[in-house]
Amino acid sequence: MSALIENFDAIIAGFWSTIRLAAMSAVLSLLLGTLLVALRVSPVPVLRGMGTLYVTILRNTPLTLVLLFCALGISNTLQLNFDVEDPAFNGYWLAVLGLTAYTSTFVCETLRAGVNTVPMGQAEASRAIGLTFAQSMRMVILPQAFRAVIAPLGSVLIALIKNTTVVIVAGYAEAAFVMKDMLYESAGTVVMVFLGFAAGYMILTLPVGYLTGWLARRLAVRR
Amino acid sequence: MSTGVLFDAPGPRARLRHNVLTLVGLLAALLAAWFVWARFSAAGQWDAELWKPFLDPEVWTGLILPGLWGTLSAAAVSAVLALLFGVVFGLGRLSDHWWLRLPSGGIVEFFRSVPVLIMIFFAQAGAFAIFGYVMPAFWAVVIGLTLYNGSVLAEVFRSGVHSVARGQSEAAYALGLRKGGVMRLILLPQAVTAMLPAIVSQMIVLLKDTALGYIIAYEDLLNAGFRVVPANYGNIIPAAIVVAAVYIALNLVLGWFATWLEGRGRRSRRSAATPMKADPVVGVPPLGA
Amino acid sequence: MRRIVLALAALALGSTALTACGGDAGGSDSLVDKAKNDKKLTVGVKIDQPGLGVKKPDGTMEGFDVDVARYIAEKLGVPESGITWKETISANREPFIQQGQVDFVVATYSILDERKEKVTFAGPYIVAHQDIMVRSDESSVTKVEDLKDKLICQASGSNSYKRITDPAPDGQGIKAKLVPAGSYSECVAKLKGGTLDAVTTDDLILAGFAAQNPSDYKILGTPFTDEKYGVGMKKGDTASCEAVNDAIAEMYKDGTAAQLLKKWFGQTQGLQLPTEAPAFEGCA
């Protein structure tokens, strides 16, 4: 227990980094994921192909490698940086970039699956009563699809929070980084350290799961 | 629902718009590709010297393939253990006895909400601190992956059993079967068919997650390709690209397998359970690291 | 289905057996006795440190540390064919030695007081110095003080950056900007790409990287710490420690050391290579 109390400030700072990473990546993943799903259902084959290619590649690459690519490939080889002179700022945004690039593919797939939960008859019916594409999307398909994806999106968000730990490969200091230091450098009571950090992650992830689960049940479309 | 029904057959203006969008898309893709190419050549990353090692069969047989074997064996062992873990705790959660159900639920929920990497660190450091035993990196990776993926699979099993139409178990009880018999003879055989795609896609997650072993220096594909190959040739970026290609190919094969299984499950009429999506979007976190 | 499960189970057992064999414990024999009786030793080295310890595609090992380990083993009566190489990383060197998973370690292993509590060190076989590496066209950094406001690398698991940024007496109290990276390989890649200005750590490690692309980097040659690289072995194995010290002294006397230093670090500019054996720390 004492190990946790002694390093309390470092632990809080670590989890604060985790929250900052997860929150920013979540918002951006949602945006990019929506854009990707728009590409993937668009009537233009080239755009559809580009969306599919992106999702296929990113989904099948380990996140560890994606983040290494951001730190070395994008920052260093492509020379795309947010601000080279401020490493902490640069590191944060490169990590967000990697997490977003990876997570958005899962957001995209979840949204697409959500659209697929709406029975074909609904779309046919809305076309039959003369609604245009935009109208049938806005009034019939999307309201149902949106409700169907709340719980799965919650799972994606939980996974994202847990995945922030992998940012360690780019050397960015978040909670797992602090834990590793505590475990290997100053071997205190290892079990307490583990349980402490596990509890920290549970505090972050469990409410997300319950909240989205509750929302999904409340808003569920009854068929 | 196929998206085709959402669109009208394009008229002349829509066709024009589509053509413009096609052009814009192509141009954007070309521009991005050219940009990457130019920056790579500026950084000298296309130098033949950096790529030549990958034409040398010895680099593959001596470094990359042993690394690949490390990845595959860790994935295979964790897959087997995770399946066992999943069956035990998934059925535990379905039990009628609270003293089985509650602890199983607690364990599953705990390991599902803790990051895999944290568990791997703990498996390694904890074993040494508590038992004075140096956990080989292989087992630290396997333990972490087993606990996490096993918990996810426990949920898959649970929802798989739930997905069998209730009439089936009611009918079985009416025939006079006991609890065990209903589960063994009626529910599980049908549930397994429904669960297979979800299980296989969890295996893809597991396979990708073995790359976390890189962080504790387990000799996997990523380590061989990203640490040892560059130590020989100083070609860290080309090495990363080659390793990524191998991972993508590996996961694509598994992914196709999942889709094929799903298609087969949908065609066959032997199960009263609806096949779960290959991408277990509902209720199960679809992605690992 | 059952066949698949069986095959997987067999695979699992196979891997278990493999791992179990790998973790062959050394027993309680001293290093010297084991070398004499078995003609076999397990040596802990780095496998990703250019110039010091690298695993080559054909499975052989190369590097300065590796050659030193070979020399020591030979002096203890173990031929090259009797050496099993095992990767040790910073996090597991002490545990590996304590448990006998390796018989001795030659892996850029600095002799430090806190480590002496857990393992016995022979040597040092060489004293490295922390130094600074920059791009070869860099002119604004010529000494440690120039690192103020420059971007330097903070490699994961290494404390070298603290010698720059920590206040005296631990460091120089220079306000450099730290760029995190996963390893020194990544640091060097970032140095080349220009996302950082200098990499600072032991000169021998830097020299190993510089030797891969001699025209890209230069080492300043402004050493400011002493890192005594020792040969780690089981705590209290004094007799073996003395034997290894004798081997190191012999290595410098018969010219092997000079030859090895020239072979691995001779091309690197700015490096001061020793000509005689460093003063030993003593085996107690």
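Every chain is named by a letter (A, B and C) in the order it is written, and numbering of its residues begins at 1.
Basically, a residue touches a chain if its C-beta (ideal position, glycine included) is under 8 Å from a C-beta of that chain, and two chains touch if they have at least 3 such contacts.
Given the structure is predicted, the values throughout are model-derived calculations rather than measurements.
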{"item": "Chains contacting each of subunit A and subunit C, listed by label", "value": "B"}
{"item": "Chain located farthest away, centre of subunit B as origin (C-alpha)", "value": "C"}
{"item": "Per-chain Cα centre nearest the global Cα centre, belonging to chain", "value": "B"}
{"item": "Pair joined by more contacting C-beta pairs (A-B or B-C)", "value": "A-B"}
{"item": "Whole-Å gap separating subunit A and subunit C, where each centre is the average of the chain's CA atoms", "value": "39"}
{"item": "Whole-Å separation of chain centres (CA-atom averages), subunit A against subunit B", "value": "16"}
{"item": "Subunit B and subunit C, separation of their C-alpha mean positions in angstrom", "value": "36"}
{"item": "Subunit C, residues touching no fewer than two other chains", "value": "91, 186, 189, 192-193"}
{"item": "Overlap residues in subunit A, where contacts from two or more other chains coincide", "value": "68, 72, 76-77, 79, 168-169, 184"}
{"item": "Residue list for subunit B, restricted to those that touch at least two other chains", "value": "43, 236-237"}
{"item": "In the complex, subunit C residues that touch subunit B", "value": "5, 8-9, 11-12, 15-16, 19, 22-23, 47-50, 54-59, 87, 89, 91-92, 95-96, 99, 101, 183, 185-186, 188-189, 192-193, 209, 212-213"}
{"item": "Contact set on subunit C toward subunit A in their complex", "value": "91, 151, 154-156, 177-182, 186, 189-190, 192-195"}
{"item": "Subunit B - residues contacting subunit C, complex", "value": "43, 53, 56, 58-59, 61-63, 73-74, 76-77, 79-81, 128, 132-134, 136, 138-139, 216-217, 219, 227-228, 230-234, 236-237"}
{"item": "List of subunit A residues in touch with subunit C within their complex", "value": "68, 71-72, 75-77, 79, 81, 84-87, 90-91, 168-173, 184"}
{"item": "Partner subunit B, residues of subunit A touching it in the complex", "value": "41-47, 50, 56-57, 59-65, 68-69, 72-73, 76-79, 103, 106, 109-110, 113, 115-116, 118-120, 122-124, 127, 133, 136-137, 141, 149, 151-152, 155-156, 158-159, 162-163, 165-166, 168-169, 176, 179-180, 183-184, 187, 189-191, 194, 197-198, 201-202, 205-206, 209"}
